[in-house]
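Here's the structure, in structure tokens; my notes come after.
Per-chain residue numbering starts at 1, and chain names A, B and C are given in the order in which the chains are listed.
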Amino acid sequence: MLNWIARDRVATLLLVTIAVLLAVGVAAPGFLAPSTASMIWSNGLVLMLIALGVFPVILTRNIDVSGGSVLGLSAITLGLSLNAGIAMPIAIAMTLGAGLAAGAVNGVLVAVLGVPSIVATLGTLGLFRGVMLIATGGEWIEELPETLKALGAKSLSGLSVMGICTGLVIIAVWAFLRSRRGRWVMVVGDNRAAARHLGLPVKRIEFLAFVWGGGMAALAGITFASQIGFVPNQAGTGIELRAIAALVLGGISLLGGVGSVAGVVIGVIFFTSIDTALVFLKIPAYWNDLIGGAMLLTVLLIDGRLRIALEARDRAARYHRGDAQAPQSQKLEDAA
Amino acid sequence: MKKLVMRWEVLLLALLVIELIVFGMINPRFLRTSSLLYGTSDFVQVGIVAVPLTLVIIAGGIDVSFASTVGLCAITFGIANFFGLPLAASLAVGFGTGALAGVLNATIIRLTRLQPLVVTLGSLYLFSGAATVLSGVVGANGYEGIGGFPTAFTNLGYAQVLGVPMPLFVFLCFSAVLLVLLHMTRFGRLVFQVGQNEEAARHSGMPVARIQMWTYVLTGLAAALAGLLLSAYFGSARVDLGGATLLPAITAAVLGGASIYGGKGSVLGTIIATFVIGYLQQGLQMSGVPSQISSALSGALLVIVVAFRHGLALLSAFVPARSSQTN
Amino acid sequence: MKPALAELISVSKNYAHIPVLKGVDFSVYAGEVHALLGGNGAGKSTLMKILAGLVTPTGGQVRIGGKALSPATPSQAQAMGLYLVPQEAHIFPNQSVLENVCVGLPQAASAYRSRVKDLISRLGVTLGLDTKAATLEIADRQIVEILRGLIRDAKVLILDEPTSALTPLEVETLFTRMRALRESGHGLVFISHKLHELRAVSDRITVLRDGHVVHNEAMEGSTDAEILAAMSPGVTALSDRVAGKVTSEEKVLSLSHLSGEGFVDISLDVHRGEVLGLTGVVGAGRTELAETLIGLRPRAGGDVMLEGRPFRAAKPSDAVKQGVVHLSEDRQQYGLFLEAPLYWNTSSFVYDQLPFFLRPAREQKRFETYRKSLGIKCTSPDQPVGSLSGGNQQKVLLSKCLAAEPKLLILDEPTRGVDVGARNDIYRIIEDLAATGTSVIVISSDFDEVVRLSDRIAVMAGGHLAGELPAGASTDAIGQLAFESKETSHA
């Protein structure tokens, strides 16, 4: 059983999610409707985009906890420019630019200057949030134009424009990681020195991963603004934690080199399903943090023990092969 | 090695002095003894958690959950008090919560062998959620806070010892104890060695898990101390009491000389750094800069400090790389 | 005049004002195997890393195919047709063997599958292309590195000690491949410190000592004596063994049928005041045996008696308390606290004897006694141990072991990365220790060293005890047992 869970984290998680959803469906009738699926999807968009943004960073064995602040910064860039009368496409371009620039700051700190990513992104978490507050003077941005909200509204198929965008991003990431250069991202995290030795542009890869993270956070900011309709001061606060939790849940290793897009998606869906279910079950909001934290820690515990068991198995395999070596070389000698 | 450490702390001290002078020039009222002294009550709680946090970082770990532990301990104290327990017993509950939080962190880190950052991110959530739920138990809405403390307690927040406000006094005493502990005892030596090379420490038989456990427990206790001090000061225990300490405390530890990789750090440095950061905030406020700046500040300061340190290392690029043994 | 495929012209390299390479000229021509030889610390690896773009030289030029190597990066060197097969394989543990071999190549890994398979069979080894690299052991990992070089069809291939984990048959197959590459016009550099291997396959030989080239001739014209003299002139040989030592009958350590990770059924004894040389090739299981003894690895079966009483250690501190101390093979990872002062390192096994409130002065005095008796070259006890040379670092580690007053000392590769002068010092220290009654197990892959030091020799191969030899046995005899073959691997 351990073997199977180890081999296919994603499938296991999918089954667990379905099981939980079914259980909730029993407790709260009306939960198991197609509208719920569409609700879970659209509720999870922001988290999904942040998670997809942090994903390559973690693959390269770095971490980025500034995602929420970049989300906020991007959202207010969007809001302020729209409210100033700037046309939508330009406003969106500016927002993406803000996110990419923020990601580049992180990238320079970590990839060029060699600052440990936890310290660098903790710093930029505060820095970006502060810049955001300075720009808005502490005020929320309200009265966003209808054209923006339309991006977040669901059409007949149950999907919104942002929802479709997110789907496209998922496919793009999946395709990229299967490509030659996508493989580079994974091996940089697996063994940085070896990657450098083999001529991979390690610093550039790490830098670009952070820029990507910033860009995704900007997309998340756009989604957030379009779904909620206004931008509060604490937009995005704490979301990076949930993103990391979702990634770990989906089998992505924080030590880099291991993980799949399917894992990211299923991890986010799982979290969002739980949140949506809690609402359906009419559990008051202030339980969210407690349940979220308890779940994350439980997941980490199980994941940790699993990983340790797997490593022991790999070790045993190494030594088992050691015994098999001797007879093998004998055979070749006879052949000679 | 000692010479290097001494140099950094002297630099910090110089920074502090320059800072005080600059702000004093902008607004002379800043330099009044009373504002300097009483202003500290606004930020010493950062220092109280930053000092044991320095030990955690030196030993190779990190803890971000203390921001929630502060509130959690305040709430449990408030609840104990609410249910009529005598003051001493309620205080014990508060401190006990802090110690337990540290034990929980250390245990999960040890069991999963996962990065302490992630585990304590989870407990940051968990503790804050627990505090919110618990405060609901006594009917207080999460952000309202629990009140009704005995006056003996709230007076502590405003008491003076040797002419120095209570929070500052507590901070200085607590830091002094940890300073001695880290730099002059066998325990402190082990903290350094565990952080410098955990494998070698294990191989030498050092009780790595126990040492790391102690650093997390000390941080938990410090969080309780900070939470209780703040509750006395404000007269109410709130869930988010510690929220604003997260970034400044880490900044103080790193600014004070701790390396995020472990093995290096200084309590004295952290103490000075706390004052640097605290007076920075205060000085800016007194200079008329709006208060939203604070988080940008701590963040910017952290970024600038580490960029500077690492940028310097880049410039002196010909550092002997003790990589291969054979040539 | 054949053009050089790759050249180093007057290259020098300083690490923080310490010169490691001083004006070295080195060239590789098409159709030749150029051997590079030198003792520990001579600069061989650094020189090749400069050629491969991994290290930037402080002075001099690097040219590949007649053009300057610019920018000085590994990818540029590889693009220009040069590949360095490193001494220790760089593996991506979570990727398959095929992916490992093909990372960095212009096409996706699947495009190279058949070629890699072909190369594997021509190398005469078996390796599953889809095996997860984390499960590979050392010999297979080296093969992955060699494959990386071969699949790149690099015009210049640098092999840095490629044979340390290979069996004689695999070595011979590698040599055949190298000869084939030479015939088709490639230029190869072969770094090793095993003279007989170099003779088997090289055309020219360069000897480095202390960062200079001291010998650069055709292989045929160079005698063994000349080459050895070039490597270490003044101290022409390491000091000789003191003859006529009588060892005690009293058994300090007794292993019977001990099994664990990487070894089975080991039974041997160590007597009081005896130096037992435990040798074999890399992967024979010696380090695993030592680590199992002191409790770093689990025991699978068998008994261990220390001074007649059952001995069991669940962790290293248990072993230390009972008087069994281990000096690890990887001193930087397991033994030393590089950023810590010297006297901290010396006290680290016996930290629990320190008082709660530390007295540094007393510790420093203790360190001082060891400094004198072991001959540690340092400027002050406060110095971080990482700033010392390899030989002195090893001596500091020894002081750490001796501070624990062991009955049995297990030294794993005690002279790895140590220069000749310090080596002699360490040999003398081991002999002095044995004379005072401490038993020593010396684990070493250097047969000459084993013969020099040991009162008795135990040879392991493939995880079991291949045989025991008395003092003064020949390196050939050791080699026979270590390689489990009827004949030796001499050319």
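We adopt the following convention: contacts are C-beta pairs under 8 Å (C-beta built on N, C-alpha and C of every residue); 3 or more make two chains touch, one makes a residue touch a chain.
Everything numeric here is computed off the predicted structure, so don't read it as measured data.
Trainee: So which has more C-beta pairs touching, A-C or A-B?
Mentor: Of the two interfaces, A-B and A-C, more C-beta pairs touch across A-B.
Trainee: Could you tell me which chain lies farthest from chain A when each chain's centre is the average position of its Cα atoms?
Mentor: C
Trainee: Counting only Cα atoms for the centres, state how far chain A is from chain C in Å.
Mentor: 43
Trainee: From the mean C-alpha coordinate of chain A to that of chain B, what's the distance rounded to whole Å?
Mentor: That gives a centre separation of 29 Å.
Trainee: Please name which positions on chain B make contact with chain C in the complex.
Mentor: 1-2, 184-187, 189-190, 192-193, 196-197, 199-206, 263-264, 318-322, 324-327
Trainee: Okay, in this complex, where on chain B does chain A touch?
Mentor: Interface residues on chain B, with respect to chain A: 62, 108, 111-115, 117-119, 121-130, 132-133, 136, 142, 247, 250-251, 254, 260-261, 290, 292-303, 306-307, 310-311, 313-314.
Trainee: In their shared complex, at which residues does chain A touch chain C?
Mentor: 179-180, 183-184, 186-187, 190-191, 193-201, 257-258, 314-315, 317-319, 321-323, 325-326, 328-329, 332-333, 336
Trainee: Considering only the defined contacts, which chain C positions touch chain B in the complex?
Mentor: My answer: residues 14-16, 18, 20, 38, 40-46, 87, 296, 315-318, 320, 326, 328, 332-341, 344, 348-349, 351, 354-358, 382, 384, 386-387, 390, 400, 416-417.
Trainee: Name, in rising order, each residue of chain C that touches chain A in their complex.
Mentor: Those residues of chain C that touch chain A are 54, 73-79, 84, 86, 90-95, 99, 103-104, 107-109, 124, 126, 132, 134-137, 139, 148, 167, 169-170, 261-262, 264, 283, 285, 461-463, 484-485.
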